[in-house]
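Which chain is which? They are A, B, C, D, E and F, in the order written, and residues in each are numbered from 1.
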Amino acid sequence: MPIVTIQQFPRDLEQKRRLARRITEAFEEVYGARAESVQVFFHEVDGEHWARGGEMGCDIPRD
Amino acid sequence: MPIVTIQQFPRDLEQKRRLARRITEAFEEVYGARAESVQVFFHEVDGEHWARGGEMGCDIPRD
Amino acid sequence: MPIVTIQQFPRDLEQKRRLARRITEAFEEVYGARAESVQVFFHEVDGEHWARGGEMGCDIPRD
Amino acid sequence: MPIVTIQQFPRDLEQKRRLARRITEAFEEVYGARAESVQVFFHEVDGEHWARGGEMGCDIPRD
Amino acid sequence: MPIVTIQQFPRDLEQKRRLARRITEAFEEVYGARAESVQVFFHEVDGEHWARGGEMGCDIPRD
Amino acid sequence: MPIVTIQQFPRDLEQKRRLARRITEAFEEVYGARAESVQVFFHEVDGEHWARGGEMGCDIPRD
């Protein structure tokens, strides 16, 4: 613990690397957690496996 | 919110599209939720990553 | 399978009952699934355990 | 999206508030995400519902 | 890793204790994992938060 | 129920097969559950989708 699971659109490795570091630091600073105790899982989901407002992401025009 | 996560066997896009629409409508009608607030995630799992009764799906004869 | 997990604000039992029925029917009609194979889990989360936009739900004025 | 689910020991509201803010800022800065699109769920688990190394948390002497 | 999340009906602590031990041993013996790397989370769900076959658990006559 | 979700590094099918059997037996013996009621999901995650201590798995030297 703590275990962090992120459901997100695919991102490149460098972005995930930076995000994992930032999230882990947040647990260290706010909770006083040891960095080693923090695990982060990235579940990447594309627009054919996610819907909002009843429409699949692949059918929604991106802004 | 609400966030709906579905663990299922792989289905084609058109089936997921119809299911996401139906589920979103259910939240609108039963909960009075705004469609835009409903997100649906499809986690598709094949028979090599799922077991029932102690047997992997790929080892279970399908009906 | 399929397993449906819903993260939502607390709702009364009758609303969950109706929603579970509607969702199960959607799987029957769209996927041809047997009703008995569909399980729905409700994870109810209050505003002290959920944040959006960096603010805890309990700090966000409700519309 | 993105949806962040945190499994953790219980923490007080102020700590969760600060953590949610920090995590949301990380998504804004690293991914360029809009803050409004980031949701964070806290699943708090006590030592009677979590085990490590085959021992329930409530049986493990805390450091 | 590995992280094991169990969605189940409520059980008493002694049963969860024994189950966590058995599951952890399975990872040690089958995967060669270190016991310390295995975490087990119990998400207990009652019949008002779970449905099968479109019926809430609390409405299903138990066998 | 019960539903078991395992987040783990990729393993070959034979290892998952043996683990699923062992876990299912544990539920039968400890809880008195029917084997058929136990479902196990394997979510395999590689080192580019998991971090510990703020470092992506692919950046951590394996022991």
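Following the convention adopted for this analysis, a residue touches a chain if its C-beta (ideal position, glycine included) is under 8 Å from a C-beta of that chain, and two chains touch if they have at least 3 such contacts.
Per UniProt, the chains are A, B, C, D, E, F = 4-oxalocrotonate tautomerase.
These numbers were taken from a predicted model, which means no experiment stands behind them.
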item	value
Set of chains whose contacts include both subunit F and subunit C	B, E
Mutual neighbours - chains that touch subunit D and subunit E alike	A, C
Chain pair repeating E-F, as identified from D-E, B-C or C-F when over half of the contact pairs by residue number coincide	B-C
Taking each chain's C-alpha mean as its centre, the one farthest from subunit B	D
Interface with more contacting C-beta pairs, comparing B-F to B-C	B-C
Inter-centroid spacing, subunit E versus subunit B (mean Cα positions, whole Å)	21
Shared-contact residues (touching 2 or more other chains) in subunit A	1, 3, 5, 7, 23, 39, 41, 43, 45, 50, 52
Chain contact topology (line, ring, star, complete or other)	other
Chains that touch, pairwise	A-B, A-D, A-E, A-F, B-C, B-D, B-F, C-D, C-E, C-F, D-E, E-F
Touching residues on subunit F, where the partner in the complex is subunit E	1-9, 11, 15, 18-19, 22-23, 26-27, 29-31, 45, 50
Complex interface listing, subunit F residues touching subunit B	5, 13, 16-17, 20-21, 23-25, 35-36, 38-44
In the complex with subunit F, residue positions of subunit C that touch it	1, 3, 39, 41
Residues of subunit E that touch subunit C when the two form their complex	7, 43, 45, 48-56, 58-59
